[in-house]
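Both complexes shown next keep subunit A, but they swap its partner, so subunit B is in the first and subunit C is in the second.
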Partner chain A sequence: MATPVLRWCCPGRRWVFAGIGGVSRHGRGVPTGSTSSGKRGQSSVAQQPLITAQKPRKGEREWAAVVGLEIHAQIASNSKLFSGSQVDFAAPPNSLVSFFDASLPGTLPVLNRRCVEAAVMTGLALDCHINRRSLFDRKHYFYADLPAGYQITQQRLPIAVNGSLAYSVCVGKRRSQMVTRTARVKQIQLEQDSGKSLHDSLRSQTLIDLNRAGVGLLEVVLEPDMSCGEEAAAAVRELQLILQALGTSQANMAEGQLRVDANISVHNPGEPLGIRTEVKNLNSARFLAKAIDYEIQRQINELENGGKILNETRSFDYKLGCTVPMRDKEGKQDYRLMPEPNLPPLLLYDSGSLPPGTDPQQVINIDQLREQLPELPRVTREKLVQQYGMLPEHSFALLNEVGLLEFFQNVIKETRAEPKKVTSWVLNTFLGFLKQQNLAVSESPVTPSALAELLDLLDRKAISSSAAKQVTDVKKGNPRAINKLIGLVRRATLGRADPTVIKEVLERQLSS
Partner chain B sequence: MWTRAVWLGLRASAGGRRGFPSKADPQGSRRVTAELIEHLERLALVDFGSQEAVARLEKAIAFADRLRAVDTDGVEPMESVLEDRCLYLRSDNVVEGNCAEELLQNSHRVVEEYFVAPPGNISWPKLDEKEPFSHC
Partner chain C sequence: MWWRVGHEDHVGPDPPRSEWNCLLRAQGGREDSRSPCSRGRGVPRPACILVSAALKQGQVTPTELCQRCLSLIKKTKFLNAYITVSEEVALKQAEESEKRYKKGHSLGDLDGIPVAVKDNFSTAGIETTCASNMLKGYVPPYNATVVQKLLDQGALLMGKTNLDEFAMGSGSTDGIFGPVKNPWSYSKQYREKRKQKSHGILAGHDPKDSTTIQDPVKPFTLPSLTDMSKLCIGIPKEYLTPELSSEVQSLWSKAANLFESEGAKVIEVSLPHTSYSIVCYHVLCTSEVASNMARFDGLEYGHRCDIDVSTEAMYAATRREGFNDVVRGRILSGNFFLLKENYENYFVKAQKVRRLIARDFVNVFNSGVDVLLTPTTLSEAVPHTEFIREDNRTRSAQDDLFTQAVNMAGLPAVSVPMALSSQGLPIGLQFIGRAFCDQQLLTVAKWFEKQVQFPVIQLQELMDDCSSVFENEKLASVSLK
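Up next, the complex of A and B:
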């Protein structure tokens, strides 16, 4: 049976899917499939042949997808949400577990102030309404890594509601235009993390490590305002940057500090929303967009073939590159939500409502936290654009790499060259070099001062830009090459540059 | 404590998915169906071993139903008896943990420093065939 050409529209960007399992190109390291002229490359997800039909067939339906996200971010705190045991990623199994975390009888939860502050700050950064009164609930389910048999969470009345997350995606034919999209934040709630299960299929057993049990989590619920994997990934990325700027979470997906579940459904535009599936285990930035797009395509295919979508929970299999149903779910889960009887309501105050004569340790002032909020990525980017006249894309790129912004600002401080030149050099030559050498900014052999000096020379027209580029190339070469390089530079500058100066600059760069 | 959970579930509730079969009769029939018993047993892992136990449950529900006699129109529901208490906030310091050995002593089986559990949740019907506390 010939594979039908399916039209799936991402608002603001109309493109036709060729074949099954087409994946949106994502600028941030999602593996790109083979490219065909002008059309989206097909991912290696499905083993279907690529059909590049040029014209849409008759009777073809248009599809729209909606994606909602539930993002769990581990709070950066010293101790856990309800107990005084340490929060640490790597420690001997079960060494960071208190009696409460192990759910021994007679233990009670005691709320960590830092976690509440983290929740409020995140809520403020996402323009949420902070609930002056919020409540804790118990969500019951049985699993070996949840010793109490329930998770303490804030389902009914969470700490923050009704906010928004602004993020940017690249649109246009050559994806050169940046547009801002918004996803509404339904709520932010405080909840406990569970322990870790290590499955040993050989001996048919599971090993449980409770070090993570009880660690504070911020669950950020985004409404289904996103329409494809790329938008979801961009939203997650922006949230990651915000959390890191606030210091409320390190939000490192590789270390499990940021976990994403996606709720995905498809429908024909103008008609009601379709049945949604929940895709769990999206813990890699790299595969987030891919997994979501796969699921969207799977649902489209299923419906196009006359099938039905089940309201089920699925998991993303990284090896196979597809979503699979999760087996350990017997029918619908009944969480028997009930108020947590051991915790009174959480009350927050602002400067106006602060009761007089209270212990400052025991009250949280929202206004005070608002004043102390660090600069958000959005504001930093705006400032960069205004101050240095760079394109928005550049400001995004500068914030996208750890330490790059600081590097850039240090170069700016020390050089007389034009900011636009600095931007171009940092984002193209310098960053390109780092990527090629697989280095982080912190591992760079080139210091901001060195680059600043190089740019000064360039500015004074003491050396040519090609010579300057060669300097960075020489970094990986041998020291003898420096003489060759000096010669080159001299020639390039038509003998005008002072060889001692050149050598000095080059040597400094090579030795740093 | 399951009485309370059951009663809370039987009331129409805002938020939270309770999934209890809604009773057509708002007063609540005094009979508890076998379906509901099975559902409760699966959810809470309690054992309503005998008809006596079921009868006791029905009596408990009837007892709790008497609360409906109270007129609560316009009264804000109470969340907990601790409502007027201050929620104590603890400073973010590490003061506990480091007692793996002690904790692991509680476990039936241990491998290195991990607790050992069956490979997944054992589905309820299978529990009839197996002894309750055996591990794989």
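Up next, the complex of A and C:
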């Protein structure tokens, strides 16, 4: 549950944040998020002192922002949610479109088991209640990338509800302290992705690619428990890591596998929530926080200038760095939600409720999936902290880069050096080097073995740390450093080692 | 084409086991809409079995049979029963059937039997129009499951038959290809005709239909009904409406007496919510129609208008051009009922009423009734000119009275012609069975059919009489539209 504690967030900003359990009264306009805002009853808000980033200027009110998120993650499955078409993002346009995907008359949906399992696993990982019975609905609207004129989704009774997502942000004067925040998960639902449309303004036409139409999505709805862009970005990042650890989604934002819509509103602390806007298609990790913060600021400016916030849908213009109203979404859409008549209720079982003699192929057993859940990032980090005595921030950093944890663990295996030293080398020198060279861990010229050996040498004090750093210098492409290294090795071997041999050995090691 | 890629399973939720331990629920084809619109009724004509025997014994070859059929279709063209005649396809299928018979490898009782399929069932490679401008020229790339099953059994596909546009209507009068003429009297409507042609009972499992029942179905043969004393026939009193013609009423009584005289128990039962079923059906049906028809946007297939100013303009013109008044009317109604402000009062309310209607039947069957006996229509077929005096919606509301409550309740039903009216037009009665008890239902219907000995239509006379008048009729029918 959300802790009704004052938080310090987004240093350097003008605004101020009251406890998230604070405001519960439905005020003017549409409250941010959903009906659950009524649950956030907290009467003690008025007594809590407010922390301000800087002294408020004269006449300036204090502001609090609330951010809720709707995150769409493409399910990592071989075939689509309701048809057998392959899921592949690099295929030629309209080459992965079945009759059902193209909405040919008479075609019917058949649910993909793998997608259901992905939803259950994600729900379990987020501490949700898994609904033993969930329903499918049709959400109607006309758009070229939606062949049937409706999307099959789960609005009424989704597969998972009432969970929580724990994430961490850096706080404190030097942002050196990591604190854990929680965002409540309202629900997780299965739904279809739409196709892609490319607007060709030159020829005044829109080109439609239906390869993506019908791909399974997990929509994760987070309650408006976040208060700024940084928190939202951290929450999204953590969700990304969870999905990747589970294997339920590759969750790569750049490839459109993870898309975020934000619901944002501002209010004066102690007052009811303000009117919210929806900012759609925040599809870049880099710009997520920026876009949200921009919108928060925009709303504050608007209200401070005596204006009003419209309950509208906006999108983030990456080039201009601002949110703009979306033309298509003017006026409220009535989606005419209706139960999907071609799909019966989705029934899930656990070991207790499984009817005897049931074919295991025909049912999904939640308990079985729970047992098979892989280790979650949170647990991995805790283990790292406990096992190696590293700071929490370090455990975050290790998990934040693809392949880095594995690299680290391989070095640990092969070296005698202290874990703290390994941590420091991997996170500072090694990672720094990779970043400088713009390389992924998988592209690293330095293998774990090489680093392990280097650290061993360092550990034995055979070489100094500066020498060790020079090894990496050589790796970075500074060949003269090798001569210095040869000198060092000679000294270490008390002049007994042959320089030519040393050079050979070193070169071999360094080039591996 | 939606075969799974890789090793992933599709999840089919476990359905409740039928406590009657019966065969699968009868399913008609449901190409464009789910339950309220689908009707699974019709009975394999006994002639079919005779022909099948003749084929097996080599008294007639599939090709001969096919050619005779094609010739008959040509001669009765004025009936406007067919939209597409698939002559080449049928002859090829006949050829293959013949090969099988020669080798003694016939696929079953339907091998070599000519069939026609209503033009709202997808047939691969053969135009499927639904009698609508929206799908004129549309050639599906796949066969509807029911069509595939027929073809797998070796049936010969003679062609696609005429219907109301998207099957919305009750007299096959409102399709773009014009009305179907009643072969019993070419100037009158044969309402029964479209019911017999259009819906086949398919006891079967369709893996492509997620709502199909999982229990396995075994093909069954119909036994003869020998012991009538164990049979209980129910007569729902609410079906005796003032609009019911005296002829139909009298035949209904006659049928009830027939069962009773043979030793069956015949009792009056009550289906109290009968009077609500039409309006309930209209709310749910139009809502589903509004939803199911949303896919017709001119983009992926079917008709597309010439306007390309904007996508919205294109949608609007395409749908206005593609759909007739009836279809558009239902779409608009359905969208109205599905609006947020109306959903609870109309859609949800109708669902609740539907449950009450279904429960009426459950209660009746629980009280010991095996089969219900009701009229199928209010009267014999009325003349076309009279029929079109009322609009489609009114006609549908009137004429669907007896037959659509079963759609609400999800029960198997069959209409059996009983006798000719004083005008020489067929009148039939409806039998309604318990859920999943197709076999019992059809057994009773078969017995009844044998008892009443309904006359076979004498087509030869009809064609001789009509062919000379045909040319004049062609002109007349054009002016009717």
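Criterion: the second predicted complex is superposed on the first by the 429 of 512 C-alpha atoms of A that agree within 3 Å, B and C clash if a C-alpha of one lies under 4 Å from a C-alpha of the other, contacts with A are read in each partner's own complex, and residues count from 1 in each chain.
Note that in this section a residue touches a chain if its C-beta (ideal position, glycine included) is under 8 Å from a C-beta of that chain, and two chains touch if they have at least 3 such contacts.
Note that the coordinates shown come from a computational prediction; the quantities given were computed from them, not determined experimentally.
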{"item": "First, second, both or neither for A:Q361, with subunit B first and subunit C second", "value": "both"}
{"item": "First, second, both or neither for A:V179, with subunit B first and subunit C second", "value": "neither"}
{"item": "First, second, both or neither for A:R113, with subunit B first and subunit C second", "value": "both"}
{"item": "Partner chain(s) touched by A:L310 [first = subunit B, second = subunit C, both, neither]", "value": "neither"}
{"item": "Which of subunit B and subunit C A:A102 touches, first, second, both or neither", "value": "both"}
{"item": "Partner chain in contact with A:L320 - subunit B first, subunit C second, else both or neither", "value": "neither"}
{"item": "Touched partner set for A:Y150, first subunit B, second subunit C, both or neither", "value": "second"}
{"item": "Touched partner set for A:G84, first subunit B, second subunit C, both or neither", "value": "both"}
{"item": "On subunit A, the residue positions that both subunit B and subunit C contact, one per complex", "value": "77-79, 83-86, 98-99, 102, 104, 110-114, 116, 140, 142, 144, 204-206, 208, 334, 336-338, 341, 343-347, 361-362, 364"}
{"item": "Complex interface listing, subunit C residues touching subunit A", "value": "1-15, 31-32, 34-35, 121-122, 130, 135, 140-142, 144, 207-211, 214, 287-288, 290-291, 293-297, 299-301, 308, 311-312, 315, 335, 338-340, 343, 347"}
{"item": "Touching residues on subunit B, where the partner in the complex is subunit A", "value": "4-5, 8-9, 14-20, 39, 43-45, 79-80, 82-100, 103-104, 106, 111-121, 123-124, 135-136"}
{"item": "Residue ranges of subunit A in contact with subunit B within the complex", "value": "77-79, 83-86, 92-99, 102, 104, 110-116, 135, 137, 140, 142-144, 155-156, 197-201, 204-210, 328, 330, 332-339, 341, 343-347, 361-362, 364"}
{"item": "Subunit C partner contacts - residues on subunit A that touch it in the complex", "value": "77-79, 83-86, 98-100, 102-114, 116, 138, 140, 142, 144, 147-150, 204-206, 208, 334, 336-338, 341-347, 355, 358, 361-364"}
